[in-house]
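Mind looking over this structure? Questions follow.
Per-chain numbering from 1; labels A, B, C and D assigned in written order.
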Amino acid sequence: MKSFLLATVLMAFSITGYSQNTQPYLSLAEAKRIADAAEAKAIENEWTVVIAIMDAGGHLILLRKIDGTQIGSVEVAQAKAKSAVYFKRSTKVFEDGVNDGNNRLMTLPNAVALEGGVPIFRDGHCIGAIGISGVRSDQDGIIAEAGLSVLESK
Amino acid sequence: MKSFLLATVLMAFSITGYSQNTQPYLSLAEAKRIADAAEAKAIENEWTVVIAIMDAGGHLILLRKIDGTQIGSVEVAQAKAKSAVYFKRSTKVFEDGVNDGNNRLMTLPNAVALEGGVPIFRDGHCIGAIGISGVRSDQDGIIAEAGLSVLESK
Amino acid sequence: MKSFLLATVLMAFSITGYSQNTQPYLSLAEAKRIADAAEAKAIENEWTVVIAIMDAGGHLILLRKIDGTQIGSVEVAQAKAKSAVYFKRSTKVFEDGVNDGNNRLMTLPNAVALEGGVPIFRDGHCIGAIGISGVRSDQDGIIAEAGLSVLESK
Amino acid sequence: MKSFLLATVLMAFSITGYSQNTQPYLSLAEAKRIADAAEAKAIENEWTVVIAIMDAGGHLILLRKIDGTQIGSVEVAQAKAKSAVYFKRSTKVFEDGVNDGNNRLMTLPNAVALEGGVPIFRDGHCIGAIGISGVRSDQDGIIAEAGLSVLESK
């Protein structure tokens, strides 16, 4: 009887899969797995990049700078990740927009219009983002996707 | 005779409804009514946005972020309101300008070229602005106008 | 039998009260209730203040500036809320520390050493903060507590 | 004869182990080893911290945020590492100075007066720094030293 009551109480919390007013988050363990996959892809191509992974508030969880990467990329990788989590969309969307002539997008505070920033969603929530900078923006994008591929297979 | 002169002078001061060297201002009570109308319009359309209302100095009077709105909109809504009050014109004017090829407008400090920022005038004075961000810029503009509509009917 | 299985599955999600890797968050509806209580307390005392409420990432959910409040408080209220959420402790802790001679605390980026910033916890998670500025820091603190008192009674 | 002179000149460059006008640097591989040791120490003590490792220019090479660490520490850990590399001394030196009444140190741009930032030297060159933030500053210092201990044993 006691355990039945407990189950009932617990059910009340979990009716949506998440408790009321809660949201999933990205852990450091997951960020490391993402970064390992991104770094492996970069090394495989002999590309020097910075890998930045942020949480849902746009705060760094993890950053790695491969030896020899231009120092400007330390900030650019973070700016891309921030743009992705702030606007819940890939920076490629802004790059494509500007390429299509929508220059006005460049006046959006915190928006970066270069591929390489990708948001991370879980159960409909944006839980963070990855930002890559160091090589061509389409190559940065390839590394970002390589990193995020580990999440799909879990 | 003396009092007649005084009365004449006083009348001269009050002909516009305001004394010399004064200007009307936007109150928190009005800002709440504007925000209520804007929020109702957003909810009616199931749009998630940030509503920012500023005074004549470009300082926040009120801000509301509807649950689930991208966090980038917190800064963008403020930037739009600031642009509107700093330049005493709608951000749509800058958006149209950039769309017409006047990219040089994007070098204007504090100018945002995306619809959704609208100045508020009273008796010829710019007393503040509203800034909306979260959905498409034309939709942001619809919410801004819905908010300001409460002022016209007062 | 079917419902028993469902209960078992749901229990797996809710063993800690929250699903794995999820955390609670502060809603706009709650922020409004907090702000209403804080504003009522300020008006009761004829105190002019800015009320700022932030989420777990240090991003604004709500801001209100009572008419006549010094404009510096718009930024100070946000800085206090940010300090509270960034360091998961009341700004009074830093104020007391500096008053006790720990001046080194003033070199902490984003730390504000004036009472009036209070973090909001739910089930062990810091889900946001309130920041008040406009009157004496101990008075700011009274308003902050008045605002948060609505959460305890729910 | 010409090639003999060239060989002699080249030999002269390499006599110290480094060519003239070169300096050693901190690699990502080393930064990971440092971070692993620091992280292990933090977990052993159940301390939640951010670990930041910078290069000789004060640019991030690596950052890790242990789950549950206050988000303010993301910036503080970087500020400590930056202070250490900018002034080629431990942030504890500034903390001790301020504790001794030298408040004027707090006006030094980029100086942090809280233990936890330690520069890294190799062959007389400052090649970077580690910054730790999240627990008491003396505990942050313990984690920093645990991280750097891997360099001494190599």
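Operating definition for what follows: a residue touches a chain if its C-beta (ideal position, glycine included) is under 8 Å from a C-beta of that chain, and two chains touch if they have at least 3 such contacts.
Model, not experiment: these values are computed from the prediction.
Asker: Among the other chains, which touch chain A and chain B together?
Answerer: Neighbours common to chain A and chain B are C.
Asker: Which one of the chains is farthest from chain A, going by Cα centres?
Answerer: Farthest by centroid: B.
Asker: List the centre-to-centre spacing of chain A and chain C in whole Å, with centres computed as mean CA coordinates.
Answerer: 27
Asker: At what distance in angstrom does the C-alpha mean of chain D lie from that of chain C?
Answerer: The computed centroid separation for chain C versus chain D comes out at 34 Å.
Asker: Would you give the residues of chain A that are in contact with at least 2 other chains, written as numbers and ranges?
Answerer: 27, 55-59
Asker: Report the topology of the inter-chain touch graph, choosing from line, ring, star, complete and other.
Answerer: Topology of touching chains reads as other, fitting no named class.
Asker: Which pairs of chains touch each other in this structure?
Answerer: After working through each pair, the chains in contact turn out to be A-B, A-C, A-D, B-C, C-D.
Asker: Help me check something: in the complex, which residues belonging to chain B touch chain A?
Answerer: Touch residues, chain B against chain A: 70-72, 75-76, 79, 94-95, 98-99, 103, 106, 111-114.
Asker: What part of chain D is in contact with chain A in the complex they form?
Answerer: Touching chain A: residues 25, 27-29, 32, 55, 57, 59-67, 71, 74 of chain D.
Asker: For the complex, which residues does chain A have touching chain C?
Answerer: Going through chain A, the ones touching chain C are 7, 10-11, 13-15, 17-27, 55-59, 122.
Asker: In their shared complex, at which residues does chain A touch chain B?
Answerer: Residues in contact with chain B: 56-58, 83, 85-88, 103-111, 126.
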